[in-house]
């Protein structure tokens, strides 16, 4: 049976008086490619930030790799990768220097080889020593992907990863996901766009009114788009 | 330690790559000293009396331009979460940025002092003592300044809030004592004369660094 | 029930002690030998200053407790105490200035470290409240102001030290406050401090209660708001 990589129970999060997450429950098994949908403002970004330990939840349990997440659990962060529409890159540094910096933070071994191979994989090797400030958005996102996986994390969280990507970059992303997934990496992504990424997912869910209200696996995917529309209609009532 | 070093180098690279930054600091130093010079040109004054306060107020307000972007820039550039994700402690972030900022502000103060001695025809005092007291005072300004900058970067009107928060805690502690000691130096004191006072200020510095180290978690976890 | 009874007891005592204290300060005690009746402001000046230090001490302790437990009630106590503290601090500075004018002929004197520390405290209070006004969320408001109050609290004795260093190496002649305290005056002083302490506690209780009611109201509003959509 698949090993449980992540378990979230009764996650609550409010911002002031606004309740964003109202008891989210989620499990991720090794090798999952889970895609979470939800309308804008449903709380997807908040949830993915909580799951990747950037943001603390107000209450609830979060277990990653079998260890419970408490404030300041640094070691678990080494196994987490996160890619968002913010590239987390320093404009004044070159592509190489950016990746080198993150290698130092994550204590990556054989830095030079790893940076080189990743830059080649995302197709940015020829721009290694150019300042990131001069990159286009698509290039920044590709570099951000390299940054997200440079420390070989076991779970990778993606927040609207296709936003701003050209077709070439989307293909690079999809290929990378599938290749890493075959090696046993787990993926969790969020998006509001039901068109992209749906095909590569093996599990899907919908976040609505602060809870995951619907989940499908594998072949049941066909019913998904209609169910999604129904739920979205339900939200405006 | 690895994290501290990595952040230290990254901060310096980001700061100095921005070529406009160095020019801006030079011009800033020039403007501050020139303002004082012209303000004082309309009255009769004893230069040796005012040298110390002018210098330290220049350091303080000039330093604020360097202090304000330390944490704000991470938020604006969107790189803040990249740091929070990494398996490093908040204290490492604090120390790395602190050390880098110390170096940068020392450079700024060097500019200010050079320009000061050009504009104000004051007798040059014992350089060794001057450098010592400036260093000790600066460590205080930078250590407390860094933590307050971390706080203010999370507030609205952060540019205004930085001096509002910094003045009550810095001016009456480190800056006031540094002005006092430096005026002794300008009056002709040597290193041995100022050692006792300087040790007090150094003690303040240690307290500030310790407080920052302990509290940075609560500021960055937002 | 018991809580309410206790509160009314405190309010009652506050009124009684304050009235007695006013009587003591203005009528009971004799005029000062050199300063005359103006000296009577001294009782309320010292009491105000002491209470402002107490208030900030409470803010400091409540901030520590908040950071440890993350319970908002400690944050409420912290800032309520600061709001009251700044009032007493302002009173302390104004009364101090009035007194200084009559004793030393000037409204302010940097060398007097009591005046100095009270001024620094006043600025710290203002900065603390300005910080809260500019915070972006309930949690960050609580977290950041708690950290700042700890920094501010640490800086008060340090600024005292800085003032002493400056004094030691730039000695100036300080006019002593003049005269020793007669027994009746000492008694009036202690009573003034007692009365102000009760006044502080009463105000703190009222302020914390008001804040709790405000939070309840916000929660109800949010629930209603959700239903109306």
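So that you can tell them apart, the chains are marked A, B and C in the order they are listed, and the count of residues begins at 1 in each.
Keep in mind that, in the parts below, contacts are C-beta pairs under 8 Å (C-beta built on N, C-alpha and C of every residue); 3 or more make two chains touch, one makes a residue touch a chain.
This structure is a prediction, so every number in the text was calculated from the model and none was measured.
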Using only Cα atoms to place each chain's centre, name the chain farthest from chain C. A
Chains joined by the largest number of C-beta pairs are B-C
Using C-alpha atoms only, the most centrally placed chain is B
Distance between the CA centroids of chain A and chain B (whole Å) is 39
Roughly how far is chain B from chain C, going centre to centre by Cα mean, in whole Å? 31
Taking each chain's centre as the mean position of its Cα atoms, how many Å separate chain A from chain C? 50
Multi-partner residues in chain B (2 or more other chains touched) are 221
Which chain C residues reach two or more other chains? 137
Chain A residues touching chain C in their complex are 15-18
Going by the contact rule at the top, pick out the chain B residues touching chain C in the complex. 144, 147-148, 151, 154-157, 161, 164-165, 167-169, 172-174, 176-177, 180-181, 184, 197, 200-201, 204, 207, 211, 215, 218-219, 221-222
Provide the residue numbers of chain C that touch chain B in the complex, in ascending order. 67, 116, 120, 123-124, 126-127, 130-131, 134-137, 139-140, 143-144, 146-148, 150-152, 154-155, 158-159, 161-163, 165-166, 169-170
Listed in rising order, the residues of chain C that touch chain A in the complex are 137-138, 218-219, 221-222
Give every residue of chain B touching chain A within the complex, in rising order. 2-3, 5-7, 10, 13-14, 17-18, 77-79, 81-89, 217, 221
